[in-house]
Structure formats: C-alpha cells, structure tokens
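You will see two complexes here that share subunit A, one where it goes with subunit B and one where it goes with subunit C.
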Partner chain A sequence: MDVKAVPKKLGLKEKYRHLTRGLGWEPSYQTREALFPYAGYEGIRIHDWDRWEDPFRLTMDAYWKYQAEKERKFYAVIDAHAQNNGHLNITDARYLSALKIFLQAISPGEYAAHRGFARVGREFPGVGTQVACQMQAIDEIRHAQTQIHALSNYNRYYHGFHAFADARDRIWYTSVARSFFDDAMSAGPFEFMIAIGFSFEYVLTNLLFVPFMSGAAYNGDMATVTFGFSAQSDEARHMTLGLECIKFMLEQDPANVPIVQRWFDKWFWRGFRVLGLVSTMMDYMLPKRVMSWREAWEIYGVENGGALFADLARYGIRPPAGWEDAGKAIDHMSHQFMLGLYQWSFGTSFHSWIPSEEEMDWLAEKYPTTFERWYRPRWDHLRKLAAAGTPFKNFGLAKLCQCCQLPVVFTEPDDPTLSCHRELEYKQEKYHFCSDHCLRIFEDEAEKYVQAWLPMPQLFQAPLNGDVGAWMAWVGLKDGLDNGDFAGSPDQRNFEQWRRNATRNHREGEAQ
Partner chain B sequence: MSVTARKPYIGVPRDSVANFNGRQIVYVSWDHHLLFASPFLICIEPQASFRELLQGPIAALIQADPDAAAIDWSMVEWLKSNRPWTPDPARSLSDNGIGHKDQIRFRTRGHNSLLPEASGTS
Partner chain C sequence: MQIDLRTVTIEPVHQTFDHLARRFGDKPASRYQEGSYDLQAAENLHYRPTWDPDQALYDTGITRIVMADWHALKDPRQFYYNTYTVTRARQQDATEANFSFVESRGLVALLPPQLRTLALDLLVPLRHAAWGANQNNAFMCGYGYGVTFTQPCMYHAMDLLGIAQYLSRIGLLLGDTAALDAGKRAWMASPVWQPLRRYVEDSMAVRDPFELFVAQNVALDGLLYPLVYQRIVDDELASRGGSAVAMLTQFMSDWYEESSRWVDAVLKVAAAESGRNREVLAQWLDAWTRRAAAALLPVVAQALGPAADEIVAEQLAALAARTAKAGVAA
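And then the complex of A and B:
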C-alpha cells in the first residue's frame, strides 16, 4: 500500500493563504454588522474583501525573523555610537534642534500610528487587510521605540530632550502633529487608511524621511541614520499598503470615488501643513544642507506626486484641492516658519537662531524670487536688534488655525506682504483659519473641530490662567536651558568645549 | 454634514468666552508688517476702552517694527472681520462691537521699512 508523502513544510504562498483567508470565518450567531460595526458608517461600499491583494504576502513567522535581524543590527550600532561619543561627530550643535522637534512631534506620531493600525486591523472585515494592519501596527511601535532609544543618548548631554513625552502632550507646537493623528484616529477605518496609509505614508513620507535621513548622514548623526535604515524596509511595505488600500476602495464601487476624493483633499492639506516644519529644518536647521526645501519639493512632491495623480486619474481622482496653493507656498514657508520660531523661541524646547550672512547668501541662491525681496530685510533687522542687545521676542502669542493648529504665519497665496485671514462663525462662535483649505475641512465636520484644544487660548484658561512660569513647569520647559537663541546657549557652549577637549588638554576653570 | 459619526454627535467648543475669567480673546494684526510672524492673541477685559487696548498691549507689542514710532493713529484704517470699520477709542471694546475671538486689523499708509514694496499700500 502506498503511503502518501506529506510535505514537511508549506510553501510561502500556501502559508500566506492559510494565515489570511484560512483564518477568516463566517459568524454563526452574530451578524457581520455586529462583528464589524465601524465598517459601514463612512459610506464606503466594499463588495468583495477577497479582492484585497497584499503584494508582500508576508507571514508572521517571516516577519518576526526579518524584524529581529534588523533590531540586532540597530542596537549594535546604537551601542557603538554611545560608547564612542558619537554625539561629538555631528557638524554643529544647532543640528540638534531638528532632532528635538522630531522627537517631540514625530516619534509620538509613530506611536499614534501604531494605535491607529491596531484599531483599524480589528475594524476591517477583510482578513488580508487585518494581517497587513497588524504588521504595520507592530512596525510603528518599533519605530517609536528605536527613535526614542537612538535619541536618548543625546539626552545625556544636551537640553531639550528630557521631557519629550510631556512636550508631546502639552507644548504648543507639538499640537500640530498631535491634532493630525488625533483627527485620523477619531475618523473611521477607511478615512484612517487614507490619512495615514495613503497621504502620510505614500504621498508625503518621502518629504519627511529622505531629507531627514540624508540630513542626518550629512551632519554626522549615525544614530539617526541607523534608525532610518532600520525603518526603511518597513516604509516600503507601508507605502504599498497605502496605495493598495486606495486602489481597492476606488475599484470596489464608483460611489466611493467622491468620498475618497474628499479625504484625499483633506489629508493632503493636513499632511502638507504638518510637514511644513521639515522645510525649516532643511533650509535653516541643518548646519550642512542636503538640498533646499524647494529642490526636495520638486523631486518628491512635483515629480512623484504628479506621477501618482496621473495614475489615479483613471479612477476619476483629481489632484488634491490644495495642490496649487501648496505650490505657491513652497518658496515662502521655511522663511515664515523660521522667523516665527526665532521670535517665539522663549517658548520652545529647542533653539532657533538668526542665519549667518553666508547662510543667507545660500538661501538667496536657492530662493531667487523670494528671499532677498521679502525675507532678508526682516532677518537683517532682527540681527540689528540682537547686536544692540535688544533681541526681538514676540510676547504677543500667536493666533492659531482651528484646524491644523499652526500659528497663522502664512500669507495670501498671491500676496506675500499680507497675512492670510480666514474666519467663520459656527453656532455663535468665531473660528479662525490659516487657509481656505483648513476652513473647508472645518466646514465639512464642524462638530469635530470646535473641540480643538488650541494651546494658546488654553494658556489663558484654568488651571494656568495666563501664568507663563506655571506653563513652563507644566510642559517641562527649563527656561534658559532648553529654550531661546542658540547663540549663547548651554548646548552651544558644551558642545564646543567637549569637542575641544577631545583634541586638547582640559584647562582648569572650563565648563565640563 | 456636521460630522461623520454612527449616531448624532454634538461637540463642545473649548474656547467659549465663559472660560476666560471675565476676559476675552482679541486678535490684532498690522497689515503688511510681517516682522510679527502671526496676528497677536491678546486676552483682555471687554470693559477696557479701545484706547487702552491701543496704548497698552498693541503699542507694546509692535515696538520692534521700525515704523511703529511713526504711526499717526488718527490716520489709521481699521478692519474688523476683514471689513472696513471705525472704532471709537473712548468707548469700551464691547461698545465697539469687538466680541470674543474677533480679529481686528489696521493699516498705515506710510513708508514700509521691512517690506519696501508694500509702502503706501492698504
């Protein structure tokens, strides 16, 4: 009698099928609607969840193996960086401001994305989708952890890193990134996928990670380069998931197209606003620049974005509504942000500064139509005030946008001399916006955005009631250490001293 | 639609005037004077006179602009909610119709030191 040979191992494809389709079951004593109560209320119609294709077809055991290998490599480099005083290899301690903003605003976003994907993995009825979301949820928490670990070494030497978790919850500028993720997490599962999976991971992530990681490499920051590498292969998977998700929605039912378009418009603009701070990092905060924000936008925004929009046109999707205004803002935004950060630096847990003459010449070359004409006179004036011993501090707090929560530093799309004023009244309350696009987002879901926790107005309410000292204690900001102009800061002094000590004998009386 | 939700949903605004201990928020900006990165947020009693707002917080906040000392306040043009409007300096903010979170703007026609191209515009 012949005994049928049983293959010892399943092939990858079979494994994937068992893990996804094989694990899904039909409910017997509950309705599908009761099992997946959030799948329908956004209006997205899905007829066949099996049409969902995960191009990676990654199974859990393979996933653990890859990730464990990456973790081993990552921590080996981080240990070496710590043991060899890697922090002294950076170009200049000004570079650290970019890291501080990243740690306070973006790393918590990774954690938020983890929570969001864990949630939507439960809420989607399709098994392939559930598995892909589960893996991304684990990726995102790993990213938050590796970033915090990589940067914790800098916290041993420099100010502004120590209270990043409090800063995430409480300090004014982080509310920009926080509100972005809160907005996504309080939306339904499909909108969440457009917000994070598509707009953030697919359309905009290159503008964040590529300049940031090349910036780190250019400026000698091995720790950040290492977490960038460790996250890179995950990001490729996330981008694919985001793109797959939008195509799946668009292919399932034509009625989905206008809903997806509205989210596309909304989340492009929200992402563009959050990533605006990257423009400042690229143009001002990297002592050794990689490329200008304008150049990065040309490559990652115009070229890549343009190709994507052309690809989606066959589904009836047009470029996002804010696309044209975004293009008009490119040559202005980094200057507008940095001028703001400088004058409000008494309230930031990182340092700002006036660019040097040489740096301003670089800006003039990179922004030939705007910098000399509109922005250099302001920097010249600020330099004069600082030289006279009366550096400008703007104690008038900022008007914030009710939607993106950024200070309204923006000018009219077609007039760089005039602030952009947009307002509306809803249920007898006034609300202000930075742009037509943020106003439009509010109008669509006013009941959501009236609840925005705007840090500036909150300062004047209980329990702080306008007490700036109490506010600093509450957000974990140490006055004179974490904040203010880089020139004359303890970070500047210490870095220069330590670097000098690395090549010369220590002299009595010098700072340690 | 006011929000995408599974059931009726009403949000509670966080910045209602009742939360400001008898004061209110007024946003103020000087058109074409962008040394100040954003409109100012000022928290002030609605009983304060418009002149007090002008000579107190506004005068203090705009000092850093080289054109500030040359302002002739009697010639300044005002806007409220982006529409032309004439305040009475002697009367209170509330008598002038300045409510909670109102945005007022002013324009000066003289030389603009930091944005020369905007000189004389309004």
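And then the complex of A and C:
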C-alpha cells in the first residue's frame, strides 16, 4: 500500500463521513430485507439513503465529552438543591401538581422514546440515520433519569410522587401520554419519526419545555430548571433530526407526500391533545404565571408552526387538518380541562383547587372573550359549594375518547355551550370520541384503536369490580394524601409549617 | 476535630418511590436503582405493533430465555447515563492524549513498514465488525425486556460506535483515506474477511435479543477482543516494535475488560435461573463460538501465521472457562 508520511488534514464534514457513513456496507450473505425487515411496509420509498444530511456530525468521543460536562454540572446542582432544602424555595406547594403530572406522564414518555429510538436506530437501513437515532436513544434515557433524579428529592417531602411507576400503567390520566407513546412505538419506523422526532420534538417541545422550564424558574424550582437547561442542547439536536427526517422523506419520492401528510395530520392532533395537560399547568398550576397558554400558543404554535408550514409547503404539505380547530380551542381548553380535573380530583395523584379571585382576574385579562362569560361563573359556583361545606365531586366516571384518552370534556369548535362528542359503531361495538379529528384517526386505523386500553372500564372489571378503594390501592393512590383539593391537604400544611420553621425562630417546646 | 454545622432538618415523608421500596425495602435508593428499575411500561399496553402483531410492545416471549424477573439481570458497573458518560469522557481524554502522543512524536513514521501494513490490514476492516456489533446491541436495547438488561446494551452499542470510529482514526493516522477504502474492499471481498462478514450479517438477522447477546457479546467479541487486542496488538506487534499501535488501541483493551464484567454477570444470572435456560444458553454458545472461532482464524492468521490455530484454540479454551464460571458449559 502506498502510505504517505504525513496524512492530509480532513475537513470536519469529510472526517465525519469517513467516521460514520463509511462504516456501513451492502450485505450479501443476507438480503437487505432480512436485516431491515420493517423498512418497507409503511409504503415510504427511499431511493438513496446517502442523501440523508447529518444534522450534527457528532462523533462518539465528542458526544461523551460534551455530555459528561453537562452531567457533572447537573448533578452538582441537584445535590446542592437536596442538601439545602431547595424545595422550600418554591413559591407555593400548589406548583408541585405540575411536577407530579410531569413525573407520572412525561418522564415515562422519555423512557419510551429511548426504547423507540433504539429500535429505529437499528431498523433504518442508512448509517447516518441510524447513528443520529441512536444518539437520541441514549439522550432520551438521560432525560428520563435526570427528571427522576431531580424530582426524587420532592418525593421525600411531598405526596403524589411516590407511585409514579404504578400510575404510569394504571391511573386514568397518564394513559393520555402513554397511549401517545404506545401509538408511536407500535407504528413503523418512519411513522415513529414523524410522531416523536417531528410532532413531539419539533412541533410540541417548545410548547412543553419552554413554558415548563420557565414556569420552574419563575416558581423557584432550581432542580427542574436545571434539568430543563441541561436538556436544551439535546432537544435542539432532536428537533433538527425530526425536521431533517421529514424533509428526507418528502424529497426522496413524491409518493411519500400523501403518507407523510396523513401522519402529519394524525400526530399534530395527538400531540395537541397531550398539550391539554400543559395548558392547565400554565393557566392554573403555576402560582407565579409565566404567560398564559394562549400567549405561548401564539408564539410557539402560531408563529413557529406557521413558519414551518410555509417551509414545508414547497413539498406539497399543507397545515395539519386539525390546525384550525386547535386555534378555536385555545381560549377554552385549559379552563374546561381544569374544571374536569377539579371535579375528579378524588381520583388524581395530584391536587387541584379553585383559583383565587386575583387569579381569576388574571385569567379574565388573558382570555377576554371567554373567561368572564363561560368559566368564571362555574368557578364561582364551585366556590359557593365549597364554602357551604358541600364541595362538588363528580363520582360519575369520565367518558374517555377512544383515541386520545382524554375525558370528553371539550366543546364544539364553534359553540362553547355545546359539548363535543362523536360516536362510531365499529363491528357491533360503540366507540366515543372527543372530536372529529380523533374520530378520523380511529377510522384510518380502526383495528389498532379498538385495542386501546381504557382505564375507566377497567374499574368495573375484575378484580376491582367497581370498588374505588381497591382501585386507589391498585393505582398507588393514597386517599387523603395524594388526591383532592389542595386546600387543607398535607402538602399545603407541611410546606407552610416547614417554611415557617426555616425562616423564623421558635421557642423550645413550641408546637410545630 | 469535627464541626457539625446546624441545618434545618425536616423528616421526610417518603424514603423512596413505591416500586423501589417493594424491591429493596423502605430506604433511600441509589441513583442507579432510581434510573433503572421498572421504568419500562409493563401493563395495559395499548396496541400491538403494526410491524409484528404477533408480539407485544414489550414482549418477554420473543426470546427463548425465561426469567421470573428480568430486572434480575443487573449491571455490576451500575451504569446509568451519568456514570456511563463521565467514565467514558475520562477514557476519551486518555485516548486523545495517546493519539496526540503518537502523532506529535512522529511515532507512525518510526513503525516498520510491514508492521504498519499489518496493523492497517488487521484493524481497519474491524471497524465494520464493530459497526455490526453496534447495530446488534441497539437491537438488544430496543427489543430486550427490562431496563437493567436493556440499558447497558445501549451504552454498549454507543461504545462500539466509538470503537469503530477510533479504528477509523487509526486507519487515517497510519494510512490516510485510501486505507479506509482498502479496508472496506477487504471486508467486502477478501477471502480473509468473508467468514467474519458472514457471521456479522447472519447475527444481524437474529431477532431473539438474548441469542443475539450470546452471539455478539459473548461468542464473537469474547474471542475477537482478546485475540486482536491482547494477543496480536499488545503482544505480537509490541514485540516487533509496534508499541505505538498498542497506545492507539488501549481503549479497546480497557473497555473489553470492564464490559466483560457486565457480560459475565448477565450470563450468570440467566443461567442460574433454570436448567432450561442453561440448556438454551449452552446450545447457542456452542453453535456461535464454533463459528466465531472459524471466522476469526483467517483474520488473526494475517498476524500470527501458522501459530494462529493454536492461539485461537487457547482463546477458545479461555472463553469456555470464562462461560463455565458463569454457569454455562458449552
């Protein structure tokens, strides 16, 4: 071999190509189909995997180096937070409801994304794509773990965190997020990329993470702010990967466009429904508000989404089918959902509450066309009942949408006085839906959605047979500690007492 | 003298999460435990995979190994993302220092030409084998059951990508991009490499995650790493004036030693579970190690010549002793 004395220096791009792309080869002892059996069944046509543009060109040595630096900082902060009773610095223990929902519903989703990306990191027949997906796979387990580790210290002092692993598989509202991730993972590799890589990371992450992490910062939660900041550069990579993947599919073959459009429609709506949880957090659960859900939607939904749709229009992609109805729901969804959570709070491993007058004034200002007219009267009524010692509890069970699994609590897009409810009979069974879009998703893949596990009917089946106490034990919910109204809860009492003790002197023997 | 700072103490209301209290008792859990046990959804999975409706989203039935509790397959290194990346970043620093040392002192130019050619012929095609191993470990992570088993498979996959990239850098350092092209041609067409390439492709068609674990991490890599990095690079090449090459592959040697602890632990717990598991593991081990030895023989013969037969036989015996210690007799 002709060996030069001094090898020429390679540019970054060329070096990456050699260190990554060059690793793969065309198999000959096995067929491509035998090694990559799931690459074709969704109908997506890829003619040249080498056309895939690597968004980051990150090699493993650089990955280890950058990530380890972030990890060292992160754990230094949460160790200090735990050691110094950082939990007493939050504005108010009501804030913790947002964290409890996050740990029960979102962190398990991060873990699911880890497994899903490991799968597609193996199943895609192109090295560049595989490496990018594998890096996301390992990032996602990072996110699940940093979240659990950050929130673990809250679990030591507050209720509602302790049974997150049981809640993930059994309690009713987590099944909104779980069904989203199960739906993505039971889809083929390309649809998975649209679901998580594109819809979840690109369209929704801004709406989930920015308000969430800003909310944590506003409310004095250093632990959560730190995992948010630490995940930010990972998220930037993931968003780029998602966008790159959708463009790659669209550029490879025009026949891919209608398939991608269908997934785009489906996953936008699936994601939008998951965001229902975020909307209540922003408008109701943060004692110190960052911005309203509507304002966040304007910035991250309308502006960013609009720019994206304009970008994709040249491929023949139109805005998702549910886009307009989503816009109509913005002024209603957080209120409708929080009213639902309040009346079913006996069955949630977090607290809800009636907003104060001051908070309702803020909501009225942020939602001038809807709050005073439709929602303040309902909260006033609930407050009256609570003051009279007969707080409203809805012991009837919520009817869940067969697709998104949210209770059917939303109104018609064009009529806030009319409950929105769709029904469909399929093979002699009746199915319920929250919206036209969820109904359409079901119709497209009925055989998939008839399998959905619905947590409400479970309560009436063996072995629970309608016994609410047995149900609570089964989902890991401790009645009187984890659930119900925040007012009068142990979390409220403990937080106030601990903060008093931490900030004031008390005499020996004084009751605490 | 000890000084006790006075801090506000608050009695915790929970020692740990419920699922960890059930496993380990009601006491504070380690970060490894918090970041591993029971994170995978286990019940009430919503839909069957459209890519294979015969299996569940997470399915214990896709492997012939049966475990009462898959979380028993824990990692003795207790790697979770933080300890994993911090460990590797430290090793990466050392590797970078080794590369700089070799480059800055012009040690490549001092290598005898035949030795340099031998190192290139031997090491560069192995980057493709490492890439195959990466994909197989990504598969085990994706489709295996239980976080304590699947989590280290992902770390292992990324390690193997790192190894494939270090091997590529060695190729570039010793021989420029032409060396990578030559290595790829050898991997694709040279008779020396075809049995190994066939092994890698055949293993990639295996869709039982535990069989794949045996085929890749126990059988193939259990022979390849000691043969190539210990017997050839560290012993043979170093004795012929090629210590510089050993500096460049130090990561592989250290990594093999460290990760073998995990591989052995997994094998041991799976074997201890039942006679049926031991039987299945022994069958797999027998079939795959035999093939792996045959596939590696022409590869190592490039460096070891006629002694290759004997040295491969020695390594086979060493691997058999290692797996016997883990409770599996091939």
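In this section, the second predicted complex is superposed on the first by the 490 of 512 C-alpha atoms of A that agree within 3 Å, B and C clash if a C-alpha of one lies under 4 Å from a C-alpha of the other, contacts with A are read in each partner's own complex, and residues count from 1 in each chain.
The rule is short, and it goes like this: a contact is a pair of C-beta atoms (placed from the backbone, for glycine too) under 8 Å apart; a residue touches a chain by one contact, two chains touch by 3 or more.
Note that the structure is a prediction, hence the values are computed from the model and not measured.
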**Report entry** subunit B versus subunit C as contact partner of A:K247, first or second or both or neither
**Finding:** neither
Report task. Check whether A:Q451 is in contact with subunit B, with subunit C, with both or with neither, and answer first, second, both or neither. Result -> both
Query raised in the report: With the two structures laid over each other on chain A, which partner does A:A187 touch: subunit B (first), subunit C (second), both, or neither?
Result: both
Query raised in the report: Who wins on subunit A residues touched, subunit B or subunit C?
Result: C
Report task. Scan A:Q30 for contacts with subunit B and subunit C and give back first, second, both or neither. Result -> second
Requested in this report: Quick one: classify A:G121 as touching subunit B (first), subunit C (second), both or neither.
Outcome: second
Query raised in the report: What is the contact status of A:K328 with respect to subunit B (first) and subunit C (second): first, second, both, or neither?
Result: neither
Query raised in the report: Just subunit B (first), just subunit C (second), both, or neither: which does A:F460 touch?
Result: first
Requested in this report: Could you tell me if A:L385 is touching subunit B, subunit C, both of them or neither one (first, second, both, neither)?
Outcome: first
Query raised in the report: When the two structures are overlaid on chain A, which partner does A:F395 contact: first (subunit B), second (subunit C), both, or neither?
Result: first
**Report entry** Residues of subunit A that lie at the interface with subunit B and also at the interface with subunit C
**Finding:** 37-38, 41, 187-188, 448-449, 451-453, 458
Report summary line: So, in the complex, the side of subunit B touching subunit A is made of residues 1-6, 9-16, 19-21, 23, 25, 27-29, 31-32, 34-43, 57, 61, 64, 66, 81-82, 99-103, 105, 113-118, 121
Query raised in the report: Along subunit A, where are the residues that touch subunit C in the complex?
Result: 1-5, 7-8, 10, 15, 18-20, 22-30, 34-35, 37-38, 41, 59-61, 63-65, 67-69, 71-72, 74-75, 84-85, 108, 111-112, 114-116, 118-119, 121-122, 127, 130-131, 134-135, 137-138, 141-142, 144-146, 148-149, 152, 155-159, 161-166, 168-170, 175, 178-179, 182-183, 185-189, 448-449, 451-453, 455, 458, 476, 490, 494, 498, 501-502
Report summary line: Within the complex, subunit B is touched by subunit A residues 37-38, 41-43, 187-188, 191, 336, 339-340, 343-344, 373-374, 377-378, 381-382, 385, 392, 394-400, 407-409, 411, 417-419, 421, 423, 427, 429-432, 444-454, 456-458, 460-462, 465-466
Report summary line: In their shared complex, subunit A is touched by residues of subunit C numbered 7-8, 10, 12-19, 31, 34-35, 38-51, 57-58, 80-82, 85-86, 88-90, 92-93, 95-96, 109, 113, 116-117, 120, 127-128, 130-131, 134-135, 138-139, 141-143, 147, 150-151, 154-155, 157-159, 161-162, 164-166, 168-169, 172-180, 182, 184, 187-188, 197-198, 201-202, 204-205
